[in-house]
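Presented below are the structures under discussion, each in the form of structure tokens.
Next come two complexes built around chain A: one with chain B, the other with chain C.
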Partner chain A sequence: MGRDLPVIKVDTVTELEHAVVEGVDISGHWNRMFSDRSTTDFPTEAMDWVTGLAGGESMRDCYQCGKCVPVCPVQHVGDYGPRKLNAKILRGNNLIDDPDLWLCTTCGNCYRVCPKEVNPLKIMPAIREQAVLEGKVPDELSDAFRNLQKSGNPMGESPRKRIDWIAEAGVDVPIISQLDRAVDVLWYVSDYTSYHPRGKDAARAMARVMTALGVDFAILGPEERSDGDSARLAGESGLFELLAEQNIKAFEKYEFKRLVVMDPHAYNAFKNHYPRLGWQGEVLHYTQFLAPLVDRLTFRSSVDLDVTYHDPCYLGRNNGEYDAPRKLLQAIPGIRLAEMPHTKANGYCCGGGGGGMWLDGFVAEHVSERLSERRVREAVATVGMDGSGVLSVACPYEPSRFEDAVKSTGNDGKLAVRDIIELIDQAMQPPAT
Partner chain B sequence: MDYVVLLKQVPDLAEDLEIDSAGTGLDREWMSFVASEWDEYALEEALHLRDATGGTVTCLALGVQAGDVDELLATCLARGADRVVRVGSFEQSPDSHSAAGAFAAALDGIPHDLILTGVQAIDDLDGQVGPLLATRRDLPHVSVVTHIAVAADGKTATAHQEYAGGVVGEFELDLPAVLGVQTSREAPRYAPVSRVRQLMKTATIEKADGGGGGSGSGLTIEAMAVPESGATAEMITGNPVAIADRIAAILAERGIGAGAPR
Partner chain C sequence: MPETVLVIGGGPAGLEAARAIATIGGKALLVERRAVLGGTPDESNYAALTPRMGSAQEALDVLRAGVVDPNIDVRVETTVTGCSGSVGDFAVTLTGPAGETKEHVGAIVVATGFQHFDPGRETQMYGYYEYPDVITLPDAEKMLSEHRFVRPSTGEPPRNVAFIQCVGSRDRRLGNEYCSKVCCGVASKEAIEIRRLLPDTKVYIFYIDMRMYGYWENEIYWPAQEQYNVTYIRGIVTEIVGKDGRLLMKGEDTTMGRPLEVLMDMIVLSVGMEPSRGTRDVAGILGIEQNKYGFIATPGEPMDPVSTNVPGIYVAGAAAGPKDLEDTVGMAGAAAMRAVGAVRGLARSEAAVTR
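Let's look at the complex of A and B:
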């Protein structure tokens, strides 16, 4: 240590306990500065351990200001909160056996407002990785990990069934391995868009819209694997690397100018994390790809709907894209766009990120309501309950989460959930007669 | 107590299996491999037993070129095995007789009190490897085991064998012995890919000679085909009496059974 700091030696205080000067009592008061404070009663091992992990370093910087408290979506529905994580670690709990470890959705809203840049997007995966290595993974999550490892998608479906949605697309969807030539756009369809019934609707809509625009595109088909980003954030970095290696191998086999993705988590992975694993290229979320082409979209019908838009955490807050989805929505004839109170950088998380998609039952035991349910109530309050209101989304995690939440909050029939691409596709069709 | 677990990989049924162009095997182009489900139960059970009694778990897998045996063995280490050994070298997954022969030869150099393997595999529904190995090494054997306990003196083990209708038989075996495991007390634990990948780089996978493997089963696959659905099946419906009458009539028609007309 190079500098001499002033030291207050509590046990050798020589001040007078009572001092009266010229008849005036100027005695001080014993206060907490001179007594043991709760955090000094605990050993520092837990904090040392967390901040010793690659990614865990910033946890020590927290000075308990509490700015994270009102913006954490999970704190709204339960006892969890980012500041409480710091307090727990200060008190010797390294979170490995604490359910709180799995409640963070890595939405990033606390990091956005943190004056000390304490970053749970790095801290939580770092601690979770240690829990994963010790085999302390909630069962639901380990099932998803197992499926991702075995089949390259969280549902455990056959890789070959990744293209089953094509049959009903109504347009030709070329598979790049069968083309034997370079393409402009390699369209990364992603897991839920390929396999989930509601995701497939978005995939078919996207195929039709790109075809109408004359885009030179192809998909990887059965060679496509999950982008792995949610597994990474849930602590399985090895699984992320395995999936990334498989995708990169496929990317490198073919020639294409840019990668267009449906899933913001894939966007985040390809843009921000695949480069360190050896792949770099232009990546666009589909809303970013389509927004500049909006004048070329030929709309044939008006949809006449009150629409609000849910910013996906990994497109909006964590990657800064708020305008492209809104530009597309505003171009659709008949749409009246209304913003929810939690919007753009302060968008409210759906609960699906950071592994939350595969922890639904586990999380439900620790919260008063699902984040998706809270978000749906906000949407209903924004676009009304007369049935013409739409919660529009741009992430394939959302339709199933929000449609379930519409039902579980008793709003069945009052609010529709539609991917933006579905709304575009609908308006490009001739009016229903 | 030294526990030995025998494992193998089998084709992943998440993919639809297809017959190869020769018509005698499976098309490998789209085939991916996974650990055989029952072998995973055997490993899980061995890990629990070791944790209770102390000792070691050694995992053995045949060195088959298809699939990835080293990854299978690294996964065993990730789950908690102490030692892993790749046995022999085979171009393709050998038949049960050759597999049992190779394992039997490898066991010469590996301490073993209790040998556990899956009771069956999707490509060995008869569950022959356990009994064949026990025969070759002259050890007691029980199949379809659903519960295992090792005596405090480490000289005997108790095994429960499952029968139809919820009946369970309890056997006591002198050790060493071979058990064909039907299920484990807990679902096989998750092996983190992070750990498996670490181990793939750092772990020692020992090698053992599988001997000649013996002469095999002597069987040759002449043709393999997907069963064709015929049009001759008749679904018999109605009340039990009507169903019985119809069955009796069919048997009589075909001249089967005592009541058949001469």
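Let's look at the complex of A and C:
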């Protein structure tokens, strides 16, 4: 038997797609002999149950055309497909004990093309919420939920350490509780931007760019909590509401004109979900805030890079902002912008959304490779052929995800991962001598 | 009281309605926007007609001959631009080459038809305006009516061709929730024509459900499959991207539950029906109700498919929604009978509306 034959993973069992033993082809599914040959019932309870959940209603509407399948990022790396969820539920599987429940990243690309408008962005959180209530949550996701509950961030870091990055910013970063006055911009820094080593680079760059522009800004500092959007999409709506309550309390304490956020997930939460919880105001992703100010940015060096841009699902497809990030990139001297085949509305998910950020280990058991790895291969094919390629991003989930993927796909040295704000900051510095 | 029935539209529905009106002793005034009669089958260069594969032009010639009649006044390059009055006496304004004229008619038959869905519409990812080898059913008709079928990019015959069904139909997001009814049959008919012309070309039809009702099943679908070896794959295509001068279609083979990524030389989009510009305009001018898709509403369905909400105004053919030619011509006869009845003051013709 050749070792190079295609391999299928079913739960924890690994099997060869084609197995030939002593000249006899014994290819087949490992469990075929244990299952009934005929389907003897099509129980309708599972579909009734799913569509009875608030958010689950559209699951029944699928007419099995299959348009969702080729655009589903998870489909590219496994057996999963949005259409198949409907087929499974129609055959009595309510997904509660099915790994498929946790594979959807809520990227929204299936919903974009669905002629019946079946919406997994609402269906998956609704079913996951029931799994959460039953305690059937993958361990690593449970850990993230616990951390969010305890310390207001998924890493379980102390809220006091939220401002540790400031020390190396090189500019003054005012904390709103210490200002005692209204500001123009309340800058919501986000979890990964505040705590993650690579995220902090973006925070510092943003602080320097806003300072150079003379923006009147401040941050919440230790009062800031996770926006909770990914917890919501992963099924923890109670936790989302708790975090939202804490953030809204902080927002209401201070006077500011607009909220500028680093994280598209926070943008989505504040813009689309906080209003029903009692807070409404102007929210801008940082690229949207900076794009109209682009003429005021003073660039002092040319970066000379081939850059492609990864549309974050919750900035692009799910909130319709494709232009602001590109406008910023095109303004940076020396950048040659090239688009990947999956771009804008058809952008390929990094795998981090909808709780995927905290399910890497679980998901790896059910897919042939990570979504971030596929995306990195696409970026390398677009700009990474001569070693000067950059995959630019605008979401704090992505630098760590994609940098890991660059290493794991053996593309070290071919592709750098940079937040757009880091590229702007770099070009605003004097040329390196 | 004017005895004339105004028939708006010189396609199959209008031609047959005018002929039927004259046949039962009425007078018809037939107006047509274009300089020639024949409607969409003519304008969109139909080759053979579904299901019996007869020539479209020969069939239209029969209909055109039917309106050569002293009781039918045919005016081409003429549109209806105004209307007032009610059943028994409508005053209509016609605008034609000689300018505006006013006419009095007793009843009206609307036969303004449909237009093909524009596959460049938002959310369609088929690259119709990007790749020359992505064409539509009517684009294929044009070539087939000239007895050739080649890749527009090279002028060479394709090695393989795929039809993609339900383009612009059965789609809530596009607003066209209805099935366009004829595209499964028309695609199968074109597939047969391609296989006749190019026996070495492989022809595939990718579908969600094949909707071959009645005799279209045995007269078109089965022959395509059994005699012409057209390959039917259940599964629809989501996107088309150019690759090495060919077209890579990405979709799912839903029977096998596997994604498909197949290279094709040519792809034909089976575009559905939408109300024509004329249908939308005429509805406004006559003040008749349209349904949510813009087609003329027929509140008396299912037993009365031809009465509009305005007494004395009837509809025939695809102005009232997706129709095949059998339905269209049948409706034309029914509308003609009702319209002549209304002109002659027969109360029964309004029964369905007042009910």
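Definition applied: the second predicted complex is superposed on the first by the 392 of 433 C-alpha atoms of A that agree within 3 Å, B and C clash if a C-alpha of one lies under 4 Å from a C-alpha of the other, contacts with A are read in each partner's own complex, and residues count from 1 in each chain.
Keep this in mind: a residue touches a chain if its C-beta (ideal position, glycine included) is under 8 Å from a C-beta of that chain, and two chains touch if they have at least 3 such contacts.
Predicted model only: the values in this text are computed from it and were never measured.
Colleague: Just to be sure I read the superposition right, which of the two partners does A:A54 touch: chain B = first, chain C = second, or both, or neither?
Modeller: Touch partners of A:A54: none, neither chain B nor chain C.
Colleague: Once the shared chain is lined up, is A:V20 touching chain B (first), chain C (second), both, or neither of them?
Modeller: In the superposition, A:V20 contacts neither chain B nor chain C.
Colleague: Going by the contact rule set out at the top, does A:K84 touch chain B (first), chain C (second), both, or neither?
Modeller: After superposing on A, A:K84 lies in contact with chain C but is clear of chain B.
Colleague: Would you check which partner chain A:Q149 touches, where first means chain B only, second means chain C only, and both and neither mean what they say?
Modeller: A:Q149 contacts chain B only, not chain C.
Colleague: Check whether A:E241 is in contact with chain B, with chain C, with both or with neither, and answer first, second, both or neither.
Modeller: Only chain B; A:E241 stays clear of chain C.
Colleague: First (chain B), second (chain C), both or neither: which does A:A364 touch?
Modeller: The answer is neither, since A:A364 touches no partner chain.
Colleague: Which chain A residues qualify as touching chain B in the complex?
Modeller: Chain A residues touching chain B: 129, 132-133, 135, 137, 139, 142, 145-146, 149-151, 156-160, 222, 236-239, 241-242.
Colleague: What part of chain B is in contact with chain A in the complex they form?
Modeller: Going by the criterion above, the answer is residues 12, 14-16, 30, 32, 34, 187, 189-190, 192-198.
Colleague: Spell out the part of chain C that touches chain A in their complex, as residue ranges.
Modeller: Chain C reaches chain A through residues 123, 125, 166, 170-174, 208, 235-239, 241, 250-254, 257, 259-261.
Colleague: Can you tell me which positions in chain A touch chain C when the two form their complex?
Modeller: 63-71, 75-76, 81, 83-84, 112-117, 341, 346
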